[in-house]
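First comes the structure, then the notes that go with it.
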Amino acid sequence: MIDTTPVIPSGRDVVRSPMVATAWRHRHLLDTDVLAWPEIALVLSGAARMAEVVTGTRERPGTLRGVGVTTLFYEASTRTRVSFEVAARLLGADVVTVAAAASSVAKGESLLDTIRTLEALGARMLVMRHATSGAPYLVAGHFGGSVLNAGDGRHAHPTQALLDLYTLWRHIGAGDLGPFLAGRKIAILGDVLHSRVARSNLWTLTAAGAEVWVCGPPTLLDGFAAWAAAGVDGGRPFRVTTDIAAAVRDADAVMALRLQRERMTAGLLPSPAEYAARYGLTRERLALAAPGALVLHPGPMNEGLEIAPDVANGPQSVVTEQVANGVAVRMAILELLDAARGRA
Amino acid sequence: MIDTTPVIPSGRDVVRSPMVATAWRHRHLLDTDVLAWPEIALVLSGAARMAEVVTGTRERPGTLRGVGVTTLFYEASTRTRVSFEVAARLLGADVVTVAAAASSVAKGESLLDTIRTLEALGARMLVMRHATSGAPYLVAGHFGGSVLNAGDGRHAHPTQALLDLYTLWRHIGAGDLGPFLAGRKIAILGDVLHSRVARSNLWTLTAAGAEVWVCGPPTLLDGFAAWAAAGVDGGRPFRVTTDIAAAVRDADAVMALRLQRERMTAGLLPSPAEYAARYGLTRERLALAAPGALVLHPGPMNEGLEIAPDVANGPQSVVTEQVANGVAVRMAILELLDAARGRA
Amino acid sequence: MIDTTPVIPSGRDVVRSPMVATAWRHRHLLDTDVLAWPEIALVLSGAARMAEVVTGTRERPGTLRGVGVTTLFYEASTRTRVSFEVAARLLGADVVTVAAAASSVAKGESLLDTIRTLEALGARMLVMRHATSGAPYLVAGHFGGSVLNAGDGRHAHPTQALLDLYTLWRHIGAGDLGPFLAGRKIAILGDVLHSRVARSNLWTLTAAGAEVWVCGPPTLLDGFAAWAAAGVDGGRPFRVTTDIAAAVRDADAVMALRLQRERMTAGLLPSPAEYAARYGLTRERLALAAPGALVLHPGPMNEGLEIAPDVANGPQSVVTEQVANGVAVRMAILELLDAARGRA
């Protein structure tokens, strides 16, 4: 089902060549579902180059000089917003921050009016987070530049999925630009139902060839069994279980999802203590995974709830790496989208 | 009454010459009332140059390099604040943002203490918005640099009036640096009483030679009949009416004002539905204006209230152009004020 | 007790030489208590150089180019935050602002998680303010870069103390890089108990050789008598009194502290009027000090409460100078810490 033919030759030469970037055809990044493997590979190789810019061993490229990048966050976020802003500045862009919750934008102005205003003020790339699933699609239909979805409701968080994949690639597949997770098992644990991170990851992880297991309380898996059976993209099945031991056993990587505390009061969950006992990623459970299995979390973590403190901060955790990789991955994405817009 | 002699020669040569800038004598921009026509013409021609910087066809001039520009907003605003910040950065300034509502500034520190502090921290140009009419005048008396009024209570919003005029000039008067609205009719509709936009526009539009009509419910026109009879600057009369058909008929441009929703509850207005029915700018009413009449609005728009959605987004609307022009106009103003301060 | 030997030669040659900076050994600045006099002198001489950058008579040095400086304020502040940000930018740093109160950081993420995230996002120097005394010490133990304490609870505010000392040095000791306050009397008035400014100043002022008097209502001096008797650093005694006349008499400088209004309701104080009458710095009281004695205040001032308006804005007040000096002092500190980190 999964095409494991390396669609572009792997190796450092490819990583170095800017030529392959012409394979990227998207002006917006709204979700990972439209990304074919060669496009995902472009993000990985681009991010590897950008990581050298981040660490200062490669010069800042200046490829976005004079390009207006605006962040528009209707939900508060430090991690994702700052990551995008640092990425855009390292590329030389002109960055404008609009915290919608704290601004007049929130009061009675329609989303589309706001978007038109920001475009008129010079925004060419719009990084947006919105509580409503699908909002960035609406915006993309009316915005002359590029829209980057930084999280929309429970729907999608594509740059998070790509930075998760890049983090796995650095450890498991570095150098291999084919679907490097073939034969690997990845477990995603927790509040799958409300997780835009899980949804976007299902597309990229299965595209990379992984056997994905999602696991959580039955109330937080609603609808996933049907999707799993049909398969991602109609042909890449995954596994759904409420048995955390089965999910974690022999996994090469385990991703714990953040539990929104408001789910507790919505009747979807037992008490925090019971949730932690049944579905928390503890040291004992992690011991079931493959030796040296990686631990990922999109952050911010509720330590002691969905993840035990000693796992969160243990030697197998790559949570801090994920954050650092996020800057490089977002730089690669900004550059690819900008180039695609230039060609359009 | 209106001097229609072109006080400076019109044409592209003038637009290109920085020499004429010596005619600008103001260190602050508190309102449009003190601007003689040649000064307004300098803003128009300067903005035309800056528009090329905004679109990237002219190099960023760097005329404000090393100059500290601080925005101090006691009322939330995205549009105006971002516009000023983008303008200042395009000129190379060092920009500092102070959102007074969200900062310690709000708590018990006097306005003048805040201003002294910001000046000591390097502010040379202070862009301020304040709910109290006249606040920028107080500040200007104590600030060593330039004060730019970005809206004070119901009193004035000079950069909005100048960008409105520039937008009209691009369509109606481009190239003519004389009072290009002579023989033209402009209608201003809505909550005139509380509108700093209307007040500042009355000065610039009549200076440009326009026949201005203001129109709204009688409760929102209080005091304007007397001003209209005396004339702006004691010699440029305008018209006041509650009859929207009379105001709009044969107008070359119609400006709808934002209705603050709190006016509804203050007993000044009937229901929103009734207000929209009686004073909203609809397609039918716009049809009374001259063919191709321009539709302006300072934003953000209450679509369906003071302006119908099909008019707001229709072919005659220049609302988005106004926003885009705002950056160029503010660049021109920043440069003129900075140069005047340098000469002082 | 106090070593008044000039430990480094004073004079302009020293001010000009970057060599002496190798005497600075601290990667963090958490309080002034660890600073030996030669280190304090490095800040003074460095700030004198940086003051020329601030005024534009010396080129921006670019010594922090490519260095990520992040401000993380859990308490709102305009003065201190903007001061640090302007300082960092004048040195060429990449500045990121995180207003913790207004961001997702505040919600359920631990301080250490936030710090790890900010470091992963590129922060090399972290400027933090926190309501909990000691919080920056915890952070310094986990942060790979430099931590700058911008105020923690009632504990310390080291950059404020150093800018206060620099302000005194410009007036009293300029050119002398030895302990220039030997034989001078400095009075600190007001809410000493809750004041991080007073605590950090006690270290630097006594290190500079000053005879320091602290004065306030008995409820706001709790514990200071014992410290005064033991002496700062076990060997530099100071004076504690409730008699404002005794404190101010013949002082060379008087520092009024900000009174937090919530102290009023906590039963620690009489009414505002009574507090002002008994402990406010009035013109009459200032007349007891040495002729031309300097008046300092860390701001923001409650005029009419701890300081009379005519004193706050009178000829002896150096409050605005303090703010301006803050930028230069923070530039010097940022450069010293960055260099020390580079050597570590």
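A, B and C label the chains in the order they appear, each numbered from 1.
Just so it is clear, a contact is a pair of C-beta atoms (placed from the backbone, for glycine too) under 8 Å apart; a residue touches a chain by one contact, two chains touch by 3 or more.
Note that the coordinates shown come from a computational prediction; the quantities given were computed from them, not determined experimentally.
Peer 1: Just how much do you need to spin chain B so its Cα atoms sit on those of chain C, in degrees to the nearest 5?
Peer 2: Angle of the fitting rotation, chain B to chain C: 120 degrees.
Peer 1: Would you mind working out whether chain A and chain B touch using mostly the same residue numbers, over half shared, or mostly different ones?
Peer 2: Both copies touch with mostly different residues.
Peer 1: Whole-Å distance, chain A centre to chain B centre, using C-alpha means?
Peer 2: One centre to the other, that is 43 Å.
Peer 1: Give me the residue numbers in chain C that touch at least two other chains, ranges are fine.
Peer 2: Expected reply: 102.
Peer 1: Quick one: in the complex, what on chain C touches chain A?
Peer 2: Result: residues 66, 68, 94, 96, 98, 102-105, 107-110, 113-114, 116-122 of chain C touch chain A.
Peer 1: Hey, which residues of chain C end up touching chain B in the complex?
Peer 2: 54, 56, 75-79, 82-83, 85-86, 89, 99, 102, 261, 299-303, 320-321, 323-324, 326-327
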